[in-house]
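Next come two complexes built around subunit A: one with subunit B, the other with subunit C.
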Partner chain A sequence: MTAKGQGRTAFAYLTPALLVLGGLLAYPIYQLVLISLYDYGQEQVSGGAPLTFLGLGNYQNLLGSQQFWTVLGQTVAFAAVCVVGTLLVGAFLAILATRVRTWVRMTLFLAALGAWSTPAVAGSTIWLFLFDANFGFVNEVLGIQGFSWTFDKWTAFGLVAAQVIWCSFPFVMVTLYAGIKAIPGEVLEAAALDGASAFRTAWSVTLPLLRPIILVVTIQSIIWDFKVFTQIYVMTNGGGIAGRNLVLNVYAYQQAFAASEYGLGAAIGVVMTVLLLAITLFYLRALRRSGEVL
Partner chain B sequence: MRLKTLVAVLGVGAVVACAPVQSGPTNTSTDEKTGQLRVWLFDEVNRGPKEAVVKEAITEFQGKHSGVTVDVQYIQVSSRAERFKAAFSDPKSAPDVAEFGNTDLAGYVSAGGFSELDLSSWSESKDLVPTILDTAKVDGKTYGVPWFVGVRALYYRTDVFTELGLKPPTTLDEIAPLARQIRQRKPELIGISAGGKYLFAALPFIWAQGGDLAKQDGGKFTAAIDSAEAKAGVTKYTELIKDDICPPATCAGNGGDASVEQFRAGKAAMTIGGDFNRKSVDASSAAGKYGVVPLPGKTAGSIAPAFAGGNLLGVLKGTQRKTLSNEFVQLLASKKYQQKMYTAMGNLPTFADVQKQVSDSDKFLEPFTKTLQSGTKFVPVTPAWAKIEAQTVVPTMIQEVVTGAKNVDTATADAAKTMNAAFAS
Partner chain C sequence: MRRWITEAFVLVVAAVVAFPLFWMVLSAFKPEDEIISADPVPWTTRPTLDSFTRALTVANFGRYFLNSVVVALIVVALSILISFLAATALTRFRFRCRTTLLIMLLVVQMVPVEALTVPLFFLMRSVGDSVPAFGLNHLGSLVLVHLAFSLPFAIWMLRGFVAAVPVELEEAATLDGASRFRFLWQVLFPLVAPGLVATSVLSFIHAWNDFLFAKTFIISAVENQTLPLALQVFVKPDQNDWGAIMAGSTLMTIPVLIFFMLVQRRLVSGLAGAVKG
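This part shows the complex of A and B:
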């Protein structure tokens, strides 16, 4: 087969995947970018008003708003705390799972799977009940009835972050546990024979071998936690007192979609997509530089 | 990086090539006299009695028009925005007649959803209370018939007031000192349950001072929330959400339901509640030991202008049975059926004479009908208001003042700025 023919065959094999990707990724992004360039509200959707092309007007509007930057900063910080928290808790429990007896491990996994499979709205509501100012179990135990966790900006953020970590650590834990289990016993044995300490083994043998998995769970967590909506929306009643617990997704919903400003909403969506792409690319490049082959 | 380039290329291509989708408004000229009339009404917690009255009206209507059937769908209030948006975007799935909230009117009309109604040939229409009929108008044109109205007044605990030897407030200025005194003497009670998100409780305070949310000048709205009068009202209202009356940690996040809930739970000595809250309060620990007075105005004996909430019945623009739709609206909103709806659901009628009739027979309604008769007010009738409401501009402003994040001057100035941006777009 000629090189050209080979290329054609390869392309033919790739076509179905490309079509799916095109349909599921490229077209929505295309529509998103398109809408973000127009003044596109309910009047325009239902044909009651003409379309006005704004160019970058929506973006100017957005980037010129002080609240946007505040919310963006909050989102980044909130996501960072959630990612670090999720990874730490997940990794700790994964390591724990490799060291305990079977029934303890089973219990741990069942509990984690329970948290994982709880729908976000239900989970958030249950946490709200637990932390209710007057009737909550937590306040009862701590003896601080009447203390509102969701009023203060920082306790509210802390509570939501704890909930997010609670429902996302199981993914990290299960994945890392599988990764640790997949490390060949000979490698660890060799390290032990060479006289490496437990810490040294973990740092120089286990961790490098787990790297691809850690990479995947980190990127996943960043994307998930950056896009948190349900927990903030439900637990802080749509963004907290005076909107001080807003994150980008809830902000987009409130300012744009609930207000039928789809153009502005699309612009926020584009900004989020670009940001996430940038973070992911930056992360990938940093890893590649440090010698990881992807 | 390649994806970004692709996105950029697509973006540029899109600008040149085409525009986002729009669905055209179908202004049909057909007016069929038979077939199925589709009606959307709001679902309610206890829908049974409402459904019975509606069924009665349908039977009467179908008896008068042979070959006509009426199909009623009960839609959820919480998802109404999506349902109506979908109906306007796709007239085929839209009903002919619909019940909708009067605050949604301006947005629906500008979206091209509802058609103008001509009530001149309907003899009963002259008895509709003018300020209530105004809530069905956009730019002087009527787009709906007020089906019922909801208005709020001051609920207070008679047992607490008797025990402390107090009398209900007679001016707006008396409310805060009175509430403070109650909390001082009974620290387990909230003086008055006011909420940071309870817009319809805050508005009378602003209106009573002579302020308003916005003023209209030649069809153009400008925010007036930063006027001296409005600021006085905001100051008076936010004074209530303080530790010595209604602690922010409890009250700042409360909307109307949560505010009334404090009163129901017996934790508040006063609250601002609607005629529609009666059933739930009667089923609570406050039952039998509360009274209601109109929310007092600035001077003794006056009543603070209340917000005239309520629902309208309207005819969708895309309907193919305009005459039938009009007739059905006029039947369901008629005096006869409003009276029946009052008996069934406790909905306050919108006709002056029917209002008087029901309040004469039920003393509980007196403070509410008095409030209605002394003049009610409304939010700005412009599609921008729906946007301002969705963006929670006014509640955020109140919460900013309550939490001390901003003072009244800054908070109202910022709110005015956001509102003006919405009015301008």
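This part shows the complex of A and C:
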């Protein structure tokens, strides 16, 4: 087929995808930036007041507000705790999984698969029930009935983080386990023949070989945990008492749809997108460095 | 001896990880007085379907279950068709902008879709003015956004499966007189079916689990709510009907669990393939 004919057929095949992605992803991204530049509240939406162009006004408001910086700090800290927790639990269990018999490993993987596949809303409500002040099983076991985990800011964050780690460590565990299994046995035998200790082998042979995979799961976890919405929203009832459990995503949602400050909500969305795209660029560079080609 | 200790530890971990799900199913079958007992126990001697009945009748959960199924299935069907065509174009043809498109597919997967709630809300509002079925308060709006969100990953993942089909096969089919169209749907499509299964499951789960967009788009039309939203309605401060909530959670989790079990092997290798490109 001629080059021109190839191009035409390819374009025909791509049209539906381009239409959907253009209309429902690219255009909304453009709109997001546009809305963030306007004073866009309830009156403007209903047509009761004219649109005023603010330029970077929403961003100025945002960067000048104490709450934004608090929420941003909370988001970063919360994501960091979730990422570190997920990686530690996932890596530890992946290593243990290589040292047990098949049926034990399958039991662990089956349990992990259950946690992995539980819908976020269902998972959050189950955890809420388990940690319920009066009827929860955890308080019964600990003998602290009446203690509310969601009332205090830090126990609430801790509870949500534990739930997030619960449902995201399986991905890390399964991926790392596959990575460990993919290391050729000869490499490890050679290390053993050269007299390397178990620790030395793990540190100087296994870890460097796993680095690309560790990098991928780390950045994937950062991206996921940075934009947790459902768990925070459901477990802290929309961001906690007086909004003290807010993270960026929930903050943007509350500003836009609860306070009707759509312009401000969009500006928060832009800030979040920029932050995540920066992480993505890092991801792409890391992928390229580990020898992947598109 | 040391392996024995490790295995015991791993089994304890597995039990802890599985415990929330066990507790969910158990509580769904417990009679009400055992649920609101001050001394909950991890078993029941009087299993009952009362909670399920309450969830299905009082909260109309059956309706929402159906809504969720409809949205997820339409998303899956459309996503299969569109991503298959696009993946074929991106692997089987050489044309300008191909690499640019591939990079954009990767980058667009990283855009936090949660940030797009505001523009998508207004987009669906204007869509609803001309085509109500795809506007706010209708399931169509959810189909549209989840289709858009699932496509980049589905295309990205299917590329590998399409590329794995040898080009000689297409040449042979052409020699035998098969049209391009016939080759596409009768030869290539069945061959990449395993890849389609894996991507479909992911699209299904994304649409099924979505809470944010259902909450944003379905504002007043109670009859068009989906499961995550319906479950959320149950949760009231201080007067939770935990039995019905757990029954609803069970109904919501089981389909996903079954799907996951069916394709877990393929999913993991497929994910690894997607990461490796």
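Simple rule for what comes next: the second predicted complex is superposed on the first by the 240 of 294 C-alpha atoms of A that agree within 3 Å, B and C clash if a C-alpha of one lies under 4 Å from a C-alpha of the other, contacts with A are read in each partner's own complex, and residues count from 1 in each chain.
Criterion: a residue touches a chain if its C-beta (ideal position, glycine included) is under 8 Å from a C-beta of that chain, and two chains touch if they have at least 3 such contacts.
No experiment lies behind these values; they were computed from the predicted model shown.
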| item | value |
| --- | --- |
| Contacts of A:Glu43 with subunit B and subunit C, given as first, second, both or neither | first |
| Which of subunit B and subunit C A:Leu108 touches, first, second, both or neither | second |
| First, second, both or neither for A:Tyr233, with subunit B first and subunit C second | second |
| Which superposed partner A:Val71 touches (first subunit B, second subunit C, both, neither) | neither |
| Touched partner set for A:Leu277, first subunit B, second subunit C, both or neither | both |
| Touched partner set for A:Tyr13, first subunit B, second subunit C, both or neither | second |
| Which superposed partner A:Ala242 touches (first subunit B, second subunit C, both, neither) | first |
| Per-residue touch tally on subunit A - higher for subunit B or for subunit C | C |
| Which of subunit B and subunit C A:Gln31 touches, first, second, both or neither | both |
| Touching both subunit C and subunit B, counted on subunit A across the two superposed complexes | 29, 31, 35, 237, 277 |
| Residue numbers on subunit C that touch subunit A, as the complex places them | 3, 6-7, 9-11, 13-15, 17-18, 20-21, 23-24, 27, 35-40, 42, 81-83, 85-86, 88-90, 92-96, 98-99, 101-103, 106-108, 110-112, 114-123, 144-145, 147-149, 151-152, 155, 180, 205, 208-209, 211-212, 216, 227-228, 231-232, 235, 237, 240, 242, 245-246, 249, 252-253, 256-257, 259-261, 264, 268, 271-272, 275-277 |
| Residues of subunit A that touch subunit C when the two form their complex | 3, 6-7, 9-11, 13-14, 16-17, 20-21, 23-25, 27-29, 31-32, 35, 93, 96-97, 99-101, 104-105, 107-108, 110-123, 125-130, 132, 134-137, 140, 145, 166, 174-175, 178, 216, 223, 226-227, 229-230, 233-234, 237, 249, 252-253, 256-257, 262, 265-266, 268-270, 272-273, 276-277, 279-280, 283-284, 287, 292-294 |
| Subunit B to subunit A touching residues, read off their complex | 1, 3-4, 6-7, 10-11, 14-15, 18-25, 81, 85, 88-89, 107, 110-113, 196, 248-250, 252-253, 383, 386-387, 390-392, 396, 399-400, 402-403, 405, 422, 425 |
| Residue ranges of subunit A in contact with subunit B within the complex | 26, 29-31, 33-35, 37-40, 42-49, 51, 53, 133, 147-148, 150-152, 237-244, 254-255, 258-261, 274, 277, 281 |
